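In structure tokens below, several structures.
Here come two complexes built around subunit A, the first alongside subunit B, the second alongside subunit C.
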Partner chain A sequence: MKYSYITPRPKSAFTAEIQLLVTFFSITLGMLFITYFFLLFKDYTFLSDMDELAVVQSELSVNIKEMKEQITFIEKENLLAQKVYTQNTVLKDSIANLFDLVPQRITLSEAKLLENGLVLYGVTPNKDIYNFMLQAPLRSIFHRTYSSFYPAQNGWLRFVSTNYIDEEINLSQEIESEN
Partner chain B sequence: MLGKFFESLYLKVFVNVVVKNSTTDVYIELCSSKGVIDNMEDSFNTTKMSEEMLNFITSYTRETPFSYFSFLDMSPSQGAIPTCSKNRLSYYYDVSASEYKCHDKKWTHYTSKSDLYDIERRYKETGVDFVFSPFSILANFFKDKVDSHHAMYILVQEAFVSLAVFDNSELLFAQHLDMEKITESDELLIDTSDDILDLEDGIELEDIDVMGTDDSLDDFSDIEDLDSLDEIDEFSENKDVEEEFYQEEDAELAESEEDGFNEDYQRFSLIQSSMNRFYKDDKFESKFIENVYIADGVGVSNDLKRYLEEEMFLSVYVRHLELGVEVSELAREEVGI
Partner chain C sequence: MKINISRQHIYLLSILTFFLIFVLLFSFALLIPKGKEYRENRIEFKKEAKELRKYQNFHNEVEEKLKKLQGENRRVMTAFDATFDPYRFQKQHRNYFSTLTISELSEVSDDDEFIAYEVNTTSEISSPKSFYEFLDAVNKSDWIISVEFPINFKREGEMIKSSFTMKVFYADNDSNRTKPSVNEVAE
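Up next is the complex of A and B:
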């Protein structure tokens, strides 16, 4: 102090009112900043989640595509299985029918199922019985039928009947049947 | 940084209190960083802090934390010493019970510690920031003269007369005179000639023989050369023309205040005795005083000037002074505005 005997009391701009005001604004600003940073964080996590979800979505799309392909494949397999099952059933029926076709007087010793044919080995008392009772139904089933005989020791005839189904004819028949 | 910013938003309020005999003058200045923007003053019929005064002050100070309460020191136990050296202070006055302050590294003003505590206790509701010595007021008010003149400077207050002799800013002598308590030593120094006036019975102007008595001039034995007219002419050359110009402006005001006649004579007596002490006391470096500058804080009558001029052959210049304004100026200087 240049003139005064005493020094002045310290003056502060931070009065109780100002302190209250500053505290209030500090809290308000703090809350605003916290909210702002919270929103920034949430925005960031949302974007990152969105990116992750996009990746997951693309992965799922790929999976869906693969699954669709698998489904298609399975459906095809199913169809194929059904077809095989049907074919087996048909084959089973055909074999059953085949054995039903064989009359009691003719004895089959061997039967070979080929892809497009059937070879039967057996013993028949005579050719007539074979021709009338076995060859006739075989001819109705197969397109080409070949028979050969040779005599057995007991006077009967051993026969070999070779029967084929022509595939082209078979396919055309299937198409016709499908249509 | 933030504090400075907030400080710049607030006005600074300077409350300046000048206690008189029975009244208290409160002068308030509102200042911004650019300077004084408003001022107001009021006088209260009390010498203590009344509720009315407190309301008046707080109506301006409650808006800002930057309010400064300045007081003019009214202690009768104050004065000034023409040195700043702590070793030499006791040569002039025992300052062990005083608070003192060096002014411009040239002279020291002091006051009673107990009176300072009394001020702080009396105004504890508002608090006290500055207490200024009347000698600081005097030196600041006559700054233009003190720095370059050799003269006596007198601050006239209602209850006190503060007197200082400066020679080119060097203090030669100072005394704070209480009008209600004239000490025995002062009374001894006052001229006790037969024609001294009885203040209690009133003063008859006819009784005052200014030039006729030799006794009144006995104390000025070292100015015998005044008998020569030539020397008197030289005195007239030393007159402060600029000051006389200001004085003419105040003349009408002074003439209208004739009721302070008794007080003015009392003041004159005090000044006269004080001058005697200055000339006679070996402690002080005596230099002949030709000019007297009076800072009139109460509105003294023209008689004081006339007494000083006619009885002591001094060239007297009176400047009117508002004590509150001067105290505020010092407070602003202390704060740095």
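Up next is the complex of A and C:
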């Protein structure tokens, strides 16, 4: 027995309103999840980039340290080389001055240049020439000067002149000049 | 007054409320803190990158200074690293002497950076001028050499016999650098 002439519509829980609601929230949630995963990914890349930066920075730091050490060492090398070159030049001038100091009439047979002294062996026609022409300039350079004479076969005199610079006086002079 | 809400609407309202609560919870509990963390990390990263750029610039400056120094002091550096070769030394400087004899090399001092070796030299020169020229040439030689006291000059006929000590300096910057051995030295 029929009570209605129309065929009943199939009823579903997903009505048009619910479908609209689900679509809207799906899109919203999708965007939220995408944003969240984007942030997660960016955080991960930031952290890995930061680690990389730290590694690069530490490599740079090591490089800088090594280069600074090299710079210091080259400067020390240069300083020592200049000191050696100056020392050689000063030595050359000192020897040249020494030989210029000896007058024509006095003949040197041996010269010993010491760190703080000078020993000269030679022959002189007489003591006066030695005293005035060699000993006087030597006295002005050295703090202590000793001379001894021995007669030579040709009537001239052999002499040994020993001259020293006192190191203590040297040091004090250096300190004074530094001050 | 009777409110007539259909079952359909109750479902709708329930789902809406559930979704809203979920979205709000998700946003406040996860998304917003993560966003804040992202912003902080980005600022930190930019700061670090800026620091690194500064450091890189400093590194470049130091590197440039080092290269400049190396360029300017190439000869001195090579001289400090060169092993003293007495044969070559004799060959280079025999013009200044009639005879030149070099003794064995002996180590005299070794600080952390430089090693000094001493070598005794006897020679014959015709005039002091040769010795001055030799001292000039020593400063231009392949090694760092200082002529040390005592220096003896002795007249022997027409010649002057000279004997002196030379100090040869080596850089001790490389522990693998070959140090001169006694066998290498001329008698």
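Everything below uses one rule, namely that the second predicted complex is superposed on the first by the 98 of 179 C-alpha atoms of A that agree within 3 Å, B and C clash if a C-alpha of one lies under 4 Å from a C-alpha of the other, contacts with A are read in each partner's own complex, and residues count from 1 in each chain.
The criterion applied here is as follows: a contact is a pair of C-beta atoms (placed from the backbone, for glycine too) under 8 Å apart; a residue touches a chain by one contact, two chains touch by 3 or more.
In this text the structure is predicted, and so the values were computed from the model without any measurement.
Of the two partner chains, subunit C is the only one touched by A:115; subunit B is not. Of the two partner chains placed by superposition, only subunit C is touched by A:87; subunit B is not. When the shared chain is aligned, subunit B comes close enough to touch A:6, but subunit C does not.
By the document's definition of touching, both partners, subunit B and subunit C, reach A:15. Once chain A of one complex is fitted onto chain A of the other, the partner contacts of A:77 are limited to subunit C, with no touch recorded for subunit B. Of the two partner chains, neither subunit B nor subunit C is touched by A:55. By the touch criterion defined above, A:42 reaches subunit C but does not reach subunit B. In the superposition on chain A, A:28 makes contact with subunit C only, while subunit B stays out of contact range. Comparing subunit B with subunit C, the partner in contact with more residues of subunit A is C.
According to the touch criterion, the shared surface of subunit A, contacted by subunit B in one complex and subunit C in the other, consists of residues 13, 15, 18.
Touching subunit A in their complex are the following residues of subunit B: 3, 6-7, 9-10, 65-66, 68, 70, 73, 99, 101, 103, 111, 116, 120, 127-133, 136, 140, 330-331, 333-335. Only residues 8, 11-12, 15-16, 19, 22-23, 26-27, 30-31, 34-35, 37-38, 41-42, 44-45, 48-49, 51-52, 55-56, 58-59, 62-63, 65-66, 69-70, 73, 76-77, 79-80, 113-114, 128, 131-132, 135-136, 138-139, 144-147, 149-155, 169, 171, 173 of subunit C touch subunit A when the two sit together in their complex. On the subunit A side of its complex with subunit B, the touching residues are 1-6, 8-9, 11-15, 18.
Those residues of subunit A that touch subunit C in the complex are listed here as 13, 15, 17-18, 21-22, 25, 28-29, 32, 35-36, 39-40, 42-43, 46-47, 49-50, 53-54, 56-57, 60-61, 63-64, 67-68, 70-71, 73-78, 80-81, 84-85, 87-89, 91-92, 95-96, 99, 108-115.
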